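Working notes for the structure below.
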Amino acid sequence: MIEKKFETVADAVSDIFDGATVMIGGFGEAGSPIELIHALIDQGAKNLTVVNNNTGSGHVGLAALIESGRVAKMICSFPRTANSTVFTDLYRRGKVELELVPQGTLAERIRAGGAGIPAFYTRTAVGTTLAEGKEVRNFEGRDYVMEYALKADFALLKCRSADRYGNLLFNKTARNFSPIMATAAKTTIVQTGKYLPAGDIDPETVVTPGIFVHRIVLVPEPQHESRLVAQGSVYP
Amino acid sequence: MNNAAERATVGWDREQMAQRAALDIPDGAYVNLGIGIPEKIARYVPDGREVIYHTENGLLGMGPTPKPGEEDPDLVNAGKKQITAIPGAAFFHHADSFGMIRGGHIDICVLGAMQVSETGDLANWSTGAADAIPAVGGAMDLVAGVETIYVLTQHCTKEGEPKLVRSCSFPLTGQAVVKRIYTDLAVIDVTPQGLRVIELAPGIDFEYVQQRTGCNLIPA
Amino acid sequence: MIEKKFETVADAVSDIFDGATVMIGGFGEAGSPIELIHALIDQGAKNLTVVNNNTGSGHVGLAALIESGRVAKMICSFPRTANSTVFTDLYRRGKVELELVPQGTLAERIRAGGAGIPAFYTRTAVGTTLAEGKEVRNFEGRDYVMEYALKADFALLKCRSADRYGNLLFNKTARNFSPIMATAAKTTIVQTGKYLPAGDIDPETVVTPGIFVHRIVLVPEPQHESRLVAQGSVYP
Amino acid sequence: MNNAAERATVGWDREQMAQRAALDIPDGAYVNLGIGIPEKIARYVPDGREVIYHTENGLLGMGPTPKPGEEDPDLVNAGKKQITAIPGAAFFHHADSFGMIRGGHIDICVLGAMQVSETGDLANWSTGAADAIPAVGGAMDLVAGVETIYVLTQHCTKEGEPKLVRSCSFPLTGQAVVKRIYTDLAVIDVTPQGLRVIELAPGIDFEYVQQRTGCNLIPA
């Protein structure tokens, strides 16, 4: 009997270990699994490498995780936001490392990690400082940079609906990195707004097939990062 | 050596071979079954185990053969046989499907074989004959991407030639990929020391299997 | 005003030129755009390179196109079927070239062609005759083969529903190669069972976004290859 | 040189710049608009043209800003502003979205700029200052993947320094990628011979633009 449901977010993240690489879904607040991130802060794992497009806002969610000092390295495309200095301050003080990756290359590296492709070539960043030290190769008269796959020990994701097998549906642009991160992590942990019996999702519309999902936690009313930030919330 | 008539009465028959392999499919596994005898395994997985079947042409949650009149030419398996989809299934395109395979997400794949070497090399796609039309399908992707590759095959060819050999004479599908072999005579693990017989079919002894094998076997 | 609809299959394929590379959707008969293929036979373009997983069955559809002598080269993973000797006969007589590609590598090469990835590495076929002459490279102790992207001048596809913008839905396993072929062709031509106004397809469920679709032809009752073969049909 | 007060009264204002660029967006185009002034272009595309807007965080068919009370924090654009989706829109994940970009499927992208060189190099992501927090987003992917890159920018910086230069001093986003530049003073094409002024804002003459440009301009 396939059983992927965990009762609490704390249970679902309990084995994330020091030094783990953790992919966290979301583009800004859209798709950010705040409850899972807060559970990870409570859990205490440190020296993490975190993959996310951004670095969070205010003092909740991803920004709070970074602020807790548990993140040794961020892999992202855009570590600046209008309303957070958490990452900026730690980065300037040399307390957190940054691997800056163009957004499309970040997405493709994650997809490659999940699809068993160890490396690929892309035009993106050719002739820029972000290609420095990388292998450049010419195909049909144009230069391309070689990029490596990105994998993770864990992925923390948020979705709209999950069924018992772990088939997932997302909400609008909250989909973003989550489907590819689900494929690239050894253990994919998903907080879902709705938990459904197998068969309640039309198989033609499944976005993430259950094979990529290992743990599901029901969080029926997830918090919105922007509202927490507007309220001046600080986690923990 | 043995012939077709003998094979029918000695060792496991095809159904029993599938039955034996099915015992090793654990609850919750994501499984891809090759065309032919491996397809039969799904029928024999013990009650209480929930197994999700992948077919590389774009479906997780393959169900049994449709009832007459309920066939859909748009719902087929990798062997192009008409199938069904279980509640909780998912459809996807070919690149996503082979991403599952190549990315190591399928737990177990059971394939047929023309030859398996003592180091786990598999040959199951071509005789290499000059006039053969080469056709590989998804076999090379499966053996390269799936961690646990089982082989389900008659121990010998119809002509009585051993299929388990020191080194494959047919073109390879993959090198050192097979973990375990289920034949009509025995269950055999591929180990760093060579092929180890871990179980014999009823009435079959080790020597009988060794005589029909093209490389040294290790007793259990 | 975006207008991708063509009135007839003949109009939709009229500019396919001699020597073109044509990707044709379908896995066996599932998803095979028979009406578009027959229109291509009528149209007469020759010396084609055709990309499809198989080589058709009977004497209709893809098999009929091959039988017409217009296909100079097939790129496919499995050129054998139980009920067709069309390809086999021509191949043995040296009348058609074959590039045999493992099925997953074929899919990934097409996906790469559509996604601007000129080349990638895969474990598939390492140590086999299908890797002969290909570059092998070691990543983290394992060997991988380098494979090149595959692109086409035209793609001929079949779908269940298309809206005015070209957003597509498929039917079950008839989806197979079509969504990736749509991305890899300069001109993607789709025959659809239903033609819908923009807005009739839920944006969460779109399989192929309209950006990849250039021409749509309504074929409300497409023929089934297996039924034609069973009837002994021969095209033209 | 000119200052902010002068800029407000000389040449095109920001709305007019967007309006001018909008004239060059053809019917049926798939377009990605950068954050800032480029976003305004969508409002000014002439009637009768149907344009589909792509936002790289996973949407084709971006619509206008939502009415108050209809915002959805799960429906945002690449600048993380809340948006709407038109009927006929499609959502997809980030790898598919950048596949559209990298694969050359987006027809036109309009971006802001810090500097553009006379060979079409673009710098728009970093000053390269030692204490800057580098942040690139999707800019490098867009310039590498989209065939037609337009730049929409003030002709000079707030400090009056030219943004169109012989060679960029800031770190590049891409080499030889810009096709056309829309500024408050002129419309300028990047040609093999250098930057060619193809249109001047009302009341602006060629010499005025040349004086505010860091490389030689070619008259129309």
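Here the chain labels run A, B, C and D in written order, and each chain numbers its own residues starting at 1.
Assume contacts are C-beta pairs under 8 Å (C-beta built on N, C-alpha and C of every residue); 3 or more make two chains touch, one makes a residue touch a chain.
For clarity, every value in this text was computed on a predicted model and none was experimentally measured.
Novice: Looking at chain pairs B-C and A-B, which one is connected by more C-beta pairs in contact?
Specialist: Here the pair linked by more C-beta pairs in contact is B-C.
Novice: Can you check how far apart subunit B and subunit C are, centre to centre, with Cα atoms defining each centre and the answer in Å?
Specialist: 29
Novice: Between subunit A and subunit B, what's the gap in Å when you average each chain's C-alpha atoms?
Specialist: 37
Novice: Can you work out the whole-Å distance between the CA centroids of subunit B and subunit D?
Specialist: 56
Novice: Residues touching two or more other chains, restricted to subunit D: which are they?
Specialist: Residue numbers touching two or more other chains: 59, 85, 91-92, 95, 98-99, 101-102, 145.
Novice: Please set out, as single numbers or ranges, the residues of subunit A touching at least two other chains.
Specialist: In subunit A, the residues touching two or more other chains are 108, 111, 115-117, 122-123, 170, 172, 203-204, 207.
Novice: Looking at the whole structure, which two-chain pairs count as touching?
Specialist: Those chain pairs satisfying the definition are A-B, A-C, A-D, B-C, C-D.
Novice: Mind listing the subunit C positions that touch subunit A in their complex?
Specialist: Interface residues on subunit C, with respect to subunit A: 108, 112, 115-123, 139-140, 142, 144, 148, 169-172, 202-205, 207.
Novice: So in the complex, which bits of subunit D are touching subunit C?
Specialist: Spelled out, the residues of subunit D in touch with subunit C are 27-28, 30, 48, 50, 52, 54, 59-61, 85-92, 95-96, 98-106, 145.
Novice: Show which residues of subunit A lie in contact with subunit B when the two form their complex.
Specialist: Residues in contact with subunit B: 1-2, 111, 113-117, 163-165, 167, 183, 198-199, 201, 203-204, 206, 209-212.
Novice: Flag every residue of subunit C that touches subunit B in the complex, lowest number first.
Specialist: Residue list for subunit C touching subunit B: 27-31, 53, 77-80, 87-88, 91-92, 98, 100-108, 110-111, 122-130, 170-180, 207, 224-226.
Novice: In their complex, what parts of subunit B are in touch with subunit C?
Specialist: Listed in rising order, the residues of subunit B that touch subunit C are 55-59, 72-77, 80, 85, 91-95, 97-99, 101-102, 128, 131, 133-141, 144-145, 171-175.
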